[in-house]
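See below for the structure under consideration.
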Amino acid sequence: MQLLACSGIHKRFPSTGTQALAGADFFLEKGEVHALVGENGAGKSTLARVVCGLLEPDAGTLSVDGRPVRFRSHRDAERSGIGLVPQHSMLAPGLTVAENLALGHEPRRGLAFFDGRRAVYEAAMLADRFGFSVPPDARVSDLGPSGRREAEILRAVARGSRVLVLDEPTSILSEEESSRLFALIRRLKDAGTGIVYISHRAREILELADRVTVLRDGRTLATVGARQLDECSLAELIIPTGACASEGGSRGSAAEPVLEFRGAMTAGGAGLDLTVRSGEIVGVAALEGNSLDELEDLAAGVTVPGARQLFLRGRELHGDGRDAAARREVAYLPTDREGRGLSARSPARDNLLASRLRGYSPRAYAGRKRPREDAAGLAAAFGIRGDLSRPADALSGGNRQRLVAARELDGRPGLVIAANPAQGLDPAARASVFRRLLELREQGSAVLLLSQDPLDLAELADRSFILYRGRLSPIPPEGLQEGRLSSLLTGAFA
Amino acid sequence: MSQFASVLSQLFPGLVPILAAALGGLATEYVGVLNIALEGLIMAGGFSYVAVGSAWGPEAGFVAALAVPAAIAWLQDLYARKARADAFVVGLSVNLLVPGLASLLSQLLFGTKGVVADPSLASARLPRLLPGLPVLGPLFGLQRLSDWLALSVAFLAAAVLAWTPFGLRARAAGMNPESLELAGVRPGRIRGQAYLLSGLACGASGAALAAAIGAWVPNLSAGRGWIALVAVYLGAKRLGGTLLASLAFALLLALANAAQALHSLPADLIAAAPFAVTAVVVVAGAFLRRAKRPAVPAGGGNRAGRPPA
Amino acid sequence: MKRETGDLEPLAPVPPSRNVEALRRLGLSAGLSALLVAVLAFLASSDPGSTLAGFFLSPFRARNAVPSMLEAAAPLAICALGALLAFKAGHFSLGGEGQLYAGAFMAAAAGAAVVPGPAGFLAAVLAGMAGGALVAAPAAAGKRWADADVLLTSFLVSQVALYTVDWAIGGPFRDTGNNLVAMPAIPAPSLLPRIMSPSTLTPAPLVALALAVGLWFFMSRTREGTMLSLYGRNPLFARLQGFPVGTLSWLPIVAGGAAHGLAGAFLALGSNGTAVRGMSGGLGWSAIGVTLIAGNEPLAVPFAALLFAWLDLGARQAAIISDLPPDAAMIVKALVIMAATARPLLRRLGGIMRGGRP
Amino acid sequence: MKRTLVALAAVAALLASCQGRTPARDLASVAVFVPGVASGSPIYEMLVAGAEKAVAGIPGARLKVIEGGYDQSTWLDKLRDIAASGEFDLLVTSNPALPELCAKIAADWPELRFFIADGYLEGNPAIHTVLYNQAEQGYLVGYLAALVTMDRNPGGPLVAGLVAAQRYPTLDRLIQPGFEAGLKAVDPGFRLEYREIGNWYDANKAAELARSVFDAGARVILPIAGGAGLGVVSAATELDRSVVWFDGAGYQLGPDTVVGCATLAQDRLVEERVKALLEGKRLFGTADIVGAADGYVGFDPGGPAYAALPAELRLRFETAIQDLREGKPDFTLTGF
C-alpha cells in the first residue's frame, strides 16, 4: 500500500492567475526516497505545500496509507506524520532553535507557563539523536545557513515524521554539510520514513533517490526508477530541449568595458572579478542558492557594493540614490519581475513608460497623446494585451512579464542586465525576448545574462561562467558543446 | 530630601497608567502591528469603570474596565482583518470613536457630558506598610489599592508576553507568520488575542486613572496613551526596554511636576520632552541600523503600515 | 506579520477605474453618514424629529450656513491634499496636527508683525507654510538620511510642535490683554477678505479647489507626478529606474507640511483673526479621514471635506435645535472612516447598489 | 422617479415655510451658551438656573441651553452657529474670555444682543457685561486658607497652594493677587505655591501637582481648574489636607475636605439682568462691576468641614467677611 498518494491535484492562484498544478500525480512508498524534479515553475513547491497541508488543492485527492485525507492546516498533515523542510526559511528568526521547535506544541510548566528549559532539553535530545550540531538555545538569526537548515529539519522530524518533504534542502549547504544530511536521510529511510526530495542537483538525486517523478507545467510527466538514469538523461528529463544539441560560440572579445566587478564580495564567498564589454553577452549560470541572486543585486544596484568594487564605464557605482543617472542607461530585467520590475498598483501605462518619462517635454506629457501612442506601440510590439490604464496587477501574469521586457529592452541601453529572462515566458515570448537581446548586442549594448537555466546561456552567451558556492569559473567552450551543463552546474567542474 | 521623597511618592501613581498602557502597546507590537488606539482604549477603561462602578460598585467597575476595552480591541482587530481594512486606520477611528461614545453615553446615563464624580469609586489608600522608612515608605506605603490592582494586571500582561506559549507564538507571528503556519497555529488568532491583551492592559490603565480621582473626566487619559506608545518604541519593542522607558517617562513627568515649584520650566515644554527625546532616539536608531547594515535597499523599505494608496 | 492592507487583494473581476471607485466611496460614505446620523438621532435624542431637522435642514437653511460650511471645509481640504501628496509618495505622515498648529502660529506672528495690508497677508501665508514645512522637516530628514519610519517620527515631532506652540501662544507670544489664550490680533487689512458677511466665507475655498485641481494635474499629467506615484507604490522599482529617489524621499513630506501650514495660516487669517490656543482641534486627524474617504483622489478631496464640514455643522445645529450631543459628529466620522478603508465591503455594497448581487 | 419628485417638492415646501418666518422684534428668544459643561460646574449651573428663572417670568419668552465644551478654540464657531441659526434674540453667557468673541459675532450679526456675566467689555452697543470682583473672592478664600493652615499646623510653614488649569488675565490680575492678599492679611509671612496643569481636564495630573504642593508643606489648596479641580480634592482627601473652593457649591465634592467655599450670586445676577433686558431696559453698551459690597461675592458657610472648624476661627473669618463688605480692604475696580 502506498504511504502517500496524490492524484489529479489542481491548484490555481487567482492573485497571479497562474495554474500552478494541473493534474499532478505523485505516489510515495514506505522507506523510499522519491525525487521530485522539474523546471522552475513546474509546480514542485506547490505540490509540496499541498502535501503538507499549507495549501488546499482546488481538485484532486490525497490519501495516506490508502485512506483519503483532507488537510486544512499543516497541523492536520503533521497528525498524519508529514513533516516539511521548506525551501525558504519558515523559522521565526528572533526565537531560539528550541523555541521554534516547540512552537505550537509548547511544553508547559505550572498552569500556563512555557517551559523553556524543557524545550531546550527536548531540542537537544532530538539534535543528539540525529547527530546535529546546532545549539538548541541559539537564536535562529545568529545561525549560519547550515544551522538554520538543521533547525528546519529538526522541526520537521520532531513530531515523528512518517513522510518528510525536503524542498531544495542542500541549496545553501556546503559539501560536508550536504553529506551529513544525506546520511541522515538514509537513516530515516531505513527506519521506514518516506522521503520526498525536491532538488535541481542531478548528482544528489542520483545518489539518493529510488525513484524520480518529473513535473512539467503542473502535470506529472513521468515517474522513473532512478537506476535507469544518468546525469545527462536526468537533465534531459528536466529540461526538454536537448542540451547536447545546443551550440554556443565564443566571439572575439569586444571593445569597451561597460560593467566591471573588481573583487566584489558576496556573502557566499570570495571576491568576484568580471568584466562585461559592449557588444557582448556574458552569461553566468548557477542553481538556486549559489549567490546568483546576490550577483544580480549587486549588478542591478539593489545592494550596496564595497568601496571601489563595482564600476560602470569606469565610474564607481555606490548602489544608492547617487547612481540615479547611471541607472538610467541600464536596462534591467529582474528575476523578481513583480517586486522590482513593476510598481504593480500603478497603471500599466505608467509602468510601461517609466524608463522614458524624461524623454517627454512637460507639454507633450500633459497632452497625453504621445505617451498614449508610445505605450500602445510598445504594447503592440511585445504583444501585451489588457487595459493599459488599469493597475499593472490587473494584467495577467504573462502580460506583466511582457510589460517588463517591453520597457527594459526597448531603446538602446548601454548595459542590459537580464536575470532569468525566459522565466515564466511561453516559447514564442521567449524567442522574441532572446531575439531582442541578440539585437541589442549587435547594436553595441553590453549584456550580462544571469540564469539558472543553462540553455539560456548556450543560446545567447558569448562567454559563460558558472557561479558555484560563491566562486565564478569560466565554462570552457567544450562544456557547452558537450552538453554537460547539468553536471557542470551540479559542481563537477567547480 | 523631602523633595526627593515627594518625587518618589509621585512616581508610582504616575507610572502605573503609563506602564499598563505601554504593555498593551507592546502586546500588539509582538505580533507586528502598531496599536495606535491605546489612548482611546484607556478612555474606554476609565469610562467603563465609572459607568458600571457607579451602578454596581467599584469591583464590578474594575471588571468592566478590563472587559470593555478588551472587547473593543478584539473587535477592532477582527474588523481590520475580516474587512481587510488597514489596522492602523481602524485604530485611529477607535481613538475618535471612544471619546464620542463616552460623551454620548455619559449624557444618556448621567445627564452630563462633563465630570461624573462618585466618591465611592475613589480607591482607598492602602495602610502605610513601611512607616518609618524614608525612601521605601513613600514608594510602597500609602498607595492606592487601584494602582496595585492595575499594576497586577500589567504584571500579568508582562508575564503572559514573557513566559507563556502565547507570548512565544505572538513573537513568532511578528517575526515570521509562516513559522506559525508550520506549527499549525493561525496567525490571525494570535493577533486577535494580542489585541485582546492590549485592550485589557489599557483598561487597567484607565481604571487606575479613574479610581485615583473617583470620577470620569472627559479626556481622562490626557495623552498617556501616546506616551505609552512612545515608551514602547523607545524601549525597542522589548519587554525590558518598555518597562525601563515607562519608568523613565514616569520619572520625567514626576520631576517635571516637582520642578514647577522652582518656576524654572514651563509645563508645556516639559510635556514636549518625551516626544522630542523619542524622536531623536528613533532617528538615531534608524541611522545606526542603516550604517550597520549597508546592504539594505536605500530608498526602499516602506513601512508595512502604509495607507491604502 | 503581514499587513493585510486592503489593496493587496487580488481581484477576480476587473476593478473599476479609480475615478469610479472614488465616486462610489464618496457616495457610500455620505449615505452611511446619513444613516448613522439617523440612527444616533433615534438612539440618543429625545426629539429625533428636530434632531434630524437640525442635521439635514439647518446647514442648508440657516442664514449663511452654506457659505460657512464651504469655509470650514477649506482648511480641511487643504490639509487633506497635503496628506494625500505624502501618502501618494508612500509616506504615511501623521504630523498634520502639529504642522497645522505651527502654521497658524507663524502666520499670526508674521501677520501681526508686518505692515498691515497685502504685504502682511503675504508674509503671514508664507510664514504659515514655512511653519508647517519646518515641523515636517525632521521627519523628512529622518526618512532621507536614516530611512526612519515617517509614521512615527512625523507624529512625535508634531507632538513636540503642539506643546511648543501651546507654550508660545500661552506664554511669550500671548496677547495679555485678552482673556482668551490667543495671540495679538492680526490687523484687519492683512486678513483674508470676507466675501459674504456675516458668513465666514473667504476666498480660502477657492484656493482649496485650485490646489485640488493642481494636485490632480500634477499627479496625472506631469512626469514628476507619475514618478512620485510609481515611487510611492514601489520605492525599489523607482530607484532601479533611476528616478530621483533622494528627493522623492523627503520633498513630498515637506510639501505636505507646507500645505498644512497654509491651512493653519488660513485659519488664523480667517474669522479667528489670530492664533488661538488649541486651534488645530483635531483638524489634522480629520484631514486623514478626508483623504481616506476621498480614496486618495485629489478631485474627490473637496467633496469629502464638505462631507466632514457638513457633519460638524449639522451636529452643532442639531445641538442648538435639539439635544443631540455634538460628539455625534465624532462618532459618525470615526465609523465612516472605518468603513471607508474596508475595500471588499465597499465593493460588495457598491455591487448591491448597482442592483447586482454582492 | 415620481416618488423622488414628490419628496423634493415636500422638502422645498418645508424650506419655503421656514423662510417665511418673521423675525421677532422684541427680545424673546434666549440662548444660553455654556462655555464648558454645565453639570458639575456651579457657576454654569447658576447661569442656566438664573436664565431659566428670568425667562419663566416673562410670558412668551423661550430659552435654549447650548453647551460649548472646554475647547475654547471651538467657541467662536459655536457662537457663530447660534447667531446664524436665526432662532435667538439674546445670547446669555458667562466667562471672562467671551466678550472678545461675542464682539466678533456682534459685528456680523448686528440684531443679536448679548449679556455676559463674569466678563468685562465696555462700549459695544450690542453687549452688556457684568464683572465680578474676583479679587474679593480670592481674598476671602485666601484669608480662610491662611487661618486653616495655621490652625492645622501651628508653627508649621506658612504655605498655601493655588493649582490652576492655565494662566489667563482674570487669574493673573484678580484671583491670584486677591488670594495672596487674603493670605498675607492673616500673616505677611505667607508664601504661595503655584502650579499649572496645562489644560482644564487632566484631573490625574492635578492630583499629582496637588500632592507636590502638599509635600511642600501646604495644608490648603485653591483649585482654579474646571473639571481637573476634582483631582485636587481627591488628593487632599487622601492626604487628609484641605481645599478651599471658588465660585460656589463645592462642599459636596469633598464634605470633609472642602473647608470653605466662596460664592458668586451668579443665579441672582443672571436672573435680574436677563429679566431687565427682556423687559426692555437699555443696558447694552454698559459694563458693571459687582462685588462683596452688593452681595454678589460672598461665602457659603453651609459645609460640614467649615462647621467643624474651631468657633474662634470662624468668628475671625466672619469678621473679615464683614470688613470686606464694608470696603476693608478696598478692592474697588473702575475698569478691567
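Order of writing sets the chain letters: A, B, C and D. Residues in each chain are counted from 1.
Quick note on the criterion: contacts are C-beta pairs under 8 Å (C-beta built on N, C-alpha and C of every residue); 3 or more make two chains touch, one makes a residue touch a chain.
Keep in mind the model is a prediction, meaning the values are calculated, not measured.
Note on connectivity: the fewest steps through touching chains from chain A to chain D is 2.
The greatest centre-to-centre gap from chain C, using C-alpha centroids, is found for A.
If each chain is reduced to the centroid of its CA atoms, chain B and chain D end up 35 Å from each other.
Chain A and chain C have centres, each the mean of its CA atoms, that are 46 Å apart.
Residues of chain B found to touch two or more other chains are 113, 268, 271, 296-299, 309.
Touching two or more other chains at once are residues 67, 69, 198 of chain D. Residue positions 7, 166, 170, 229, 233, 236, 238-239, 245-246, 249 of chain C are each in touch with at least two other chains.
Every pair of chains in contact is given here: A-B, A-C, B-C, B-D, C-D.
Across the complex, chain D is touched by residues 57-58, 60-65, 68, 72, 166, 170, 176-181, 197-200, 271-273, 276-279, 281, 313, 316-317, 319-321, 326 of chain C.
Against chain B, in their complex, chain D makes its touches with residues 36-41, 67, 69-70, 193-199, 201-205, 207-209, 211-212, 215-216, 227-228, 230-231, 234, 237-238, 253-254. Of all residues in chain B, only 2-3, 5-6, 9-10, 13-14, 17, 110-117, 119, 122, 125, 144, 209, 212-215, 217-220, 222, 253-254, 257-258, 260-261, 263, 267-268, 271 touch chain D in the complex they form.
Against chain B, in their complex, chain A makes its touches with residues 54, 73-76, 78, 84, 86, 89-95, 99-100, 102-106, 108, 112-114, 155, 297, 302-304, 319-321, 345. Those residues of chain C that touch chain A in the complex are listed here as 7, 10-12, 14-15, 17, 217, 221-223, 226-227, 229-231, 233-234, 236-246, 249.
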